[in-house]
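What follows is chain A paired twice: with chain B in the first complex and chain C in the second.
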Partner chain A sequence: MTRQHNYWLRKPFSRRTVLRGAAGTTVGAGAFALVGCGNDDDDDQPPPAPDDDSPEATPTPAVSGEPQHGGELTWLISATPPTLDPYTQTSFVNAYVNGVSLSRLVRFAAGVPEVEPTDFTMEPDLAETMPETPDELTWRFTLKENAVFHDVEPTNGRAVTSEDVAYAINRYKDFDESVHRSLWAFVDNVETPDERTVVIHTREPYADTIQIAGGNLASYIVPQEHAESNEVATRMVGSGPFIHESFETDNLLSWRRNPDFYDDPYPYVDSTTVFIVPDQTQRMEQFISGAVDLTWIHLEEERDRILDARPDAGFDSQPGIGGYIYLRTDRPPFNDKRVRQAISMGIDRQRIRDAVSAGEGENDQIVFVGYPFATPVDQLGDASRYWDYNPEEARRLLDAAIGEGETISTTWDHADAAIYQQAYVDTATLSMATLREIGFDIEQREAPYAQYISTTYQGDYEGMGHSPRAVFYFMDYLTERLSFADGVRARINLSYVDDPRLEDLLVTQRQQFDFEERIETIREIEQICAEEQYEIYWSTQSRSYFWNPAVQNYRPTAWFPYTHLMKAWKEA
Partner chain B sequence: MAETTIQSASSLPPVLTRPGRLANLWQTSRRKPVGAIAGAICLSLIAVAIFADGIAPHAPDSIDHPRLVGPSLSHPFGTDNLFRDIFSRVLIGSQISIGIGFASVAIGTVAGTLMGLVAGYFAGKVDLVVARVMDVILGIPPLVLAIFFLTIWEPSFISVSVAIGLIITPTTARIVRGSVLSIRTLQYIEAAEAIGNNSTRIMFRHVLPNVVAPIIVIASIQIGNAILAEAALSFLGLGVASDTAPSWGKMLQDSRQYWETHWWVAVFPGAAISLAVLSFNLFGDALRDVLDPRLRGTA
Partner chain C sequence: MLSQSTACIDAIVIVELAGEGRRPVTQYIVKRLLFSVVVIFAISLIVFSAVRVIPGDVCAIVVGDRVTPEQCAAIEERLGLDQPAPRQYMSWVGGIARGDFGTSLDQNRAVWPEIRKRIPVTVQLTLLSTLFAVAVALPIGVYSAARQDRFADYFLRIITIGWLSIPNFWLGVMLILLLSTWFGYVSPLGYAHPWDDLSTNLQQHALAAFALGLALSASIARITRSAMLEVLRQDYIRTARAKGLRESLVINRHALRNALIPVITLFALQFGVLFGGTVIIETVFNIPGLGRLLLRSVLLKDYPMVQGLVLLFAVVLVTINLIVDISYAWLDPRIRYS
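Now for the complex of A and B:
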């Protein structure tokens, strides 16, 4: 990533500078990504530094020729979305497909050659321009005049109004079954002075308002008449670039071009189909054989095989966040930080990297170390020693915490490999093997993804668990992981962290529009998390994306929504 | 006065004596060499399963080995992608694979025998109901039935054994029923009824002993099928294997992405499954030939 394209490397911004920057779609801002798969989470980041041992990484986001209309784009996802209803789902697979049919106020600019995949700059989507901000508590959006819903039942091509946007935000914020209430909790109310104007009033100055309005999850506008119907789980009706046509569980979803889409000339292709292929090897083979146009998130060994087999393919690779261990810090024995520190020191991260990522990657911490502003683990002061594999010291910490020679019996819940790939399970297996050596008796409990995401990932577990890490396209994401304000556990605070020091810092950072000031606060949070080991992080991994060379004006993004497919065309 | 004559033993005509058990076994082995070898392998596999913890050179979850190295003296079956010794894991894996194989066959055999006994002995409506229930179970693809069962009951040693036992039951029941139907018309059964024995006593004291041979044969053959079913379920993620207690099917599943590039991660667990299934099937075939009077003496 060049300095020019790196939002976080540039000089400090004022809030208005940030907004102006976001408003310009050509701004090469960017940078902070952690795609996590499961927000469930999965991740990607800035491109890695060249490495002699790496294969020739020659990202090929070129554009040739004039845009062409027609044809079909085919791509792959690893699982059937549990439901297509964006209001009640937190799964990353939902985010992939929701973004094809459904609009947001703003959307990621990434997904085209000139924008870095990890750039999380937003551009207007339903909104005509980026919002006006008369004060720090008010965000005024004007909707595009020609924005209409799909010409299908029940909307039949009616106009998108400010009431639709207000309905969506309120449903995310207040609906009993919404899993995104904490994400929109910063909103006080939404005003709709006329059919095209939406005014969001926040309870406090909130620096990430635009990112939330256009993010991976909880940003899609589904009209009331469809959102409250029985069909919302299996059919998408919105105002996005493609009209949803079919949903076959464990097989595919397909769309056709929306001829009434408000952003002419998009979309270029007539249709798009995503095939649901849980098996990673099969996904790889399908791309190699030319059966699909796009494939994504291949780890190092697969990357090398695809590079060998398809040297003609477009290719991009970025470092991405790996997974992390969460544990019940609200109850013994994990409420003792020495036990958590012992776990961190009882994990051989280098050995895990050797096994699952061809030795590539580095130790990670709560703020993904691939971000230029993040503190590298070895600069976390005394706490950085918790990332060193040191079974003797780990055992000594355990002796002090639970008694000499005592062991800890616990459970470790996680999803099976079908969705998150075998490396996800292998990472846990290797960690458990070394933890057993220092005195942990761990019962490994593997569940199908749908079961995992609706139970363990909602905090319903006994001892320990692990997950890929979530998309990190807004800095206040830390609140989602670490807050227990007013006795309410934040959405993915899976470790049940309840630390007053963190609560204060979380409030401070989300009200800071000045980037440098905010980073200072973030560093304090990093330091506390490093010492406390509320979550235990493994390592970064590289993520590789490939595409059919006939696909033009395309580049992968670190973000889940596949909205950017609308800007790609296929050469005949 | 009658004349008593004493003859020497050597002058008596030779008396036909039954050979001893060992001699009988030897003769059978010579007649059925394939079955004998299969039986020996079966016994070896059982012994390995029982003593695996002592035989295995390393703990199954030990990661103190190089990664993905091929077979060598220090690692006869090589190592996997997680630094583990495949030889040790194949040995330890026999405990789950063979253990569930035997447990499920025991469950299926007991259930099938009871069903077959009742259906065959009482005949009529009871037979009709039992036979139709068995037909329904047979009508469902066996693996689908087991998967359905395990989506309701969380996989454990017992639930997996019961699931596989369930798919074994109809075959055993049908064979036992057929045998009982032919036996219940014999005179000694009528005699037993005439002197006042109740049905339960007749079934278990007079009928069951006479259908034991086919039960043993079908059970021995079913062990191979049960091992295969356990491997399939483990491969599909519905087994009970863990890092510390692997099974052959799970080993195959875990190493799928390395099959093409590191053959040994697939070949040895796969060979263990094949060897066990083949051995139990061939042994079962040989047992059938020996125990079935109609086939006795055939090659």
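Now for the complex of A and C:
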């Protein structure tokens, strides 16, 4: 496909947008976790509050000196990957480490100083160039001639062929235990006319094909001989920049440089190690002490402490998506949009921000306001008033919907703070407090994460619930949130949205290759969601990234894979 | 003094020394062992049932939120979770009898090797915590008793109450923050085996052992003080002093040993708390031991791993209580079992 056709390739986020993200509320590090493990969201970028006084991200870090080979890069993650098998897991932690060892057809260009962290742009990975698209249903990739798998068992350095790529896509698409089948459902078949050519035929024009082929999840090429072995859960074998050496649960994963990597001169460093450190304080202090090269955090207080203690460190702050409320719009009383609007107006978002995120962040909506193409909430027309805290108007809407003076008894299910952190729980508790004032009798039901993710988050709840969400790297994620096509609720359509107007628009947008045209469709979706309040959004959050100043040619990225470590080097 | 210990251990009776042989001790141990088996069996049933009663679908937890009902059914079949609970239980117990604790739902790892690998880590942490607690608590308790109602006594009692009041997870976080802020010190990342790098290993455990052992040391110090005060009022202590023995000899040789029985009883009772504390402390201090494994397994609802770990914890606690009961006879020759 040509660059003109794929606007993701030519629509980098502006620096201004990224810097705006220095604001933002936080739902805690766990929120990030949610994303992958069970939530739909994950990375994002947002806009700033007008009175925002949060620290500004540093300018794009300069690269000093010539690239240097050698040394080790160390970094931190908060949880042990549930498995290293990319075919059967949706955890964000998986994606972090899979991207170090495993290749994709294309990869995010972000991760170097000249590319904004939230830029979706893809660049060739295993593919020699970006794909050719003779028509809107055909995507032809040519593999790099020197692409070989790691020189370890069971691949022993053999060439990567088109059959390996076809196997991976088909496994994501058809394997019984694949959890990514819906993601690749747009593919009709994969052809392999020769050892280096892969042709993907789609069922319909699908504008996000490149994003899926190089995205956070379901994009990694693991050869059949390893994918079907017992070791796939605990060992990575692929063709990426680093060869996986060890995986010690609750301790670390380590890699060494792949000397046969196809993209010379990468990687620059000889090895990399990620330490699994669940405690946020420990992560923060380890970075401050200089024990590790890279880290990221959510909490504003911790960010400020690192800024004070390590003024020399590289720093970038990105906005992220906060949480949202979902409710059963398929049954009373939430099938009445006036009730949903009342809920939105009954929440004091600014006070919540003051309480949980040092006042940082701004109102968010269905299309994450950090996207450069998203409509800011205050520009949503008449519907923007639903984000204003207005208990009188909220009560008036309730009176009209359920009768004067009547109250609504309902439940609110959510996970405890163990994974999603305390701010996630506090946000809900504070919201419930003001909703009770306007006539909601809410039973707060807190459950352990495991219980929540496998019940409430699967749509098994009665009244209301809330969750963090991730920033997605393809616009068609809206379908996953809003579609009820053919009577089948989409994966994370937790509000049971079933709106024919949206259904048509969702189909339209994913077939639009022209960016401006697609954005117009997206705006219509935004307007409907704003008016209907199918999902009720709080505020954006912040994510702060720090790195050792000796690390050069590095910049954090909002995307999961740590593939970009290959481009960084350490000054002696 | 003895009333305190015997209140806790009702199987122990004090009898006259004359004419007693060793057989009652053997009978007692056998009886306790049999009873321990019953306790462990009951615990295994409770644990097995409890992890299954918790709502939630293990497939969604283990695989992720994109899992479909069909996929879940296939996974449950593969893992044997579609079998009736009694059959699953029998299969689990039968496996344990053969040394097979099953396979973790997380990463498909065998349960026992994973547990076995972490046992030394947690044992080292709890031993270090215990050593710290005892090393600090006994001198404080003895000194406090010897200086009853003086400034030192009041001061130490206030200090130990303070230690008791500090949650270990908070103390852990404070230790990390303060040592880093004041001295730029953080414990080394990763995990070093003691036989590979003892210095690094001890650094990785020291703060955690301190955070875990502080509350225990406070409890031991307070019970030591109480027991010492009771012993110091006994006639034989008065006699020892009347004979002209040095005070240090009176306290260390005559009083302390007799004061240790309630201390050891307390230790046995507190060991469960200490073991449970590793769940949080190992997480805070990034120590890959059993506690951290248990926390992760519970969050993932990893049945086989949770069952294996809780059973192990139960066996350890039952064994420690048994050892403590038996040790009474060594500590106080007047005690015999019947």
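Note that the second predicted complex is superposed on the first by the 427 of 572 C-alpha atoms of A that agree within 3 Å, B and C clash if a C-alpha of one lies under 4 Å from a C-alpha of the other, contacts with A are read in each partner's own complex, and residues count from 1 in each chain.
Note that a contact is a pair of C-beta atoms (placed from the backbone, for glycine too) under 8 Å apart; a residue touches a chain by one contact, two chains touch by 3 or more.
All values derive from a computational prediction rather than experimental measurement.
Chemist: Let me test your reading of the model: by the given contact rule, A:T281 touches which partner, first (chain B), second (chain C), both or neither?
Modeler: In the superposed model, A:T281 contacts both chain B and chain C.
Chemist: In the overlay, answer first, second, both or neither for which of chain B and chain C A:A400 touches.
Modeler: Neither partner.
Chemist: Per the contact definition in the header, classify A:R436: touching chain B only (first), chain C only (second), both, or neither.
Modeler: It touches chain B, and chain C stays clear.
Chemist: Have a look and say if chain B or chain C is in touch with more residues of chain A.
Modeler: On the superposition, C touches more of the residues of chain A.
Chemist: Tell me which partner A:V488 touches in the superposition: chain B (first), chain C (second), both or neither.
Modeler: In the superposition, A:V488 contacts neither chain B nor chain C.
Chemist: Taking the superposition on A as described, I'd like to know which of chain B and chain C A:A418 touches: first, second, both or neither.
Modeler: In the superposition, A:A418 touches chain B and chain C alike.
Chemist: If we overlay the two complexes on their shared chain A, which of chain B and chain C does A:R351 touch? Say first, second, both or neither.
Modeler: After superposing on A, A:R351 lies in contact with chain B but is clear of chain C.
Chemist: In the superposed arrangement, which partner chain does A:T455 touch: chain B (first), chain C (second), both, or neither?
Modeler: The second partner, chain C, only.
Chemist: Overlap of the chain B and chain C footprints on chain A, residue-wise?
Modeler: 281, 418, 448
Chemist: Considering only the defined contacts, which chain B positions touch chain A in the complex?
Modeler: Residues 61-63, 67, 81-83, 237, 242-244, 254, 256-257 of chain B touch chain A in their complex.
Chemist: Considering the complex alone, what residue numbers of chain C touch chain A?
Modeler: Within the complex, chain C touches chain A at residues 54-68, 70-71, 74-75, 106-109, 114, 173, 176-177, 180-181, 184-186, 188-191, 283-286, 288, 292-293, 296, 298-301.
Chemist: So in the complex, which bits of chain A are touching chain C?
Modeler: My answer: residues 36-40, 74, 79-80, 82-84, 88-91, 176-177, 179-183, 230, 233-234, 248-252, 275-279, 281-282, 285-286, 288-289, 291-292, 309, 418-419, 447-455, 457-458, 491-492.
Chemist: Within their complex, state which residues of chain A touch chain B.
Modeler: So the residues of chain A in touch with chain B come to 280-281, 301-302, 351, 354-355, 416-418, 422, 425-426, 429-430, 432-434, 436, 444, 446, 448.
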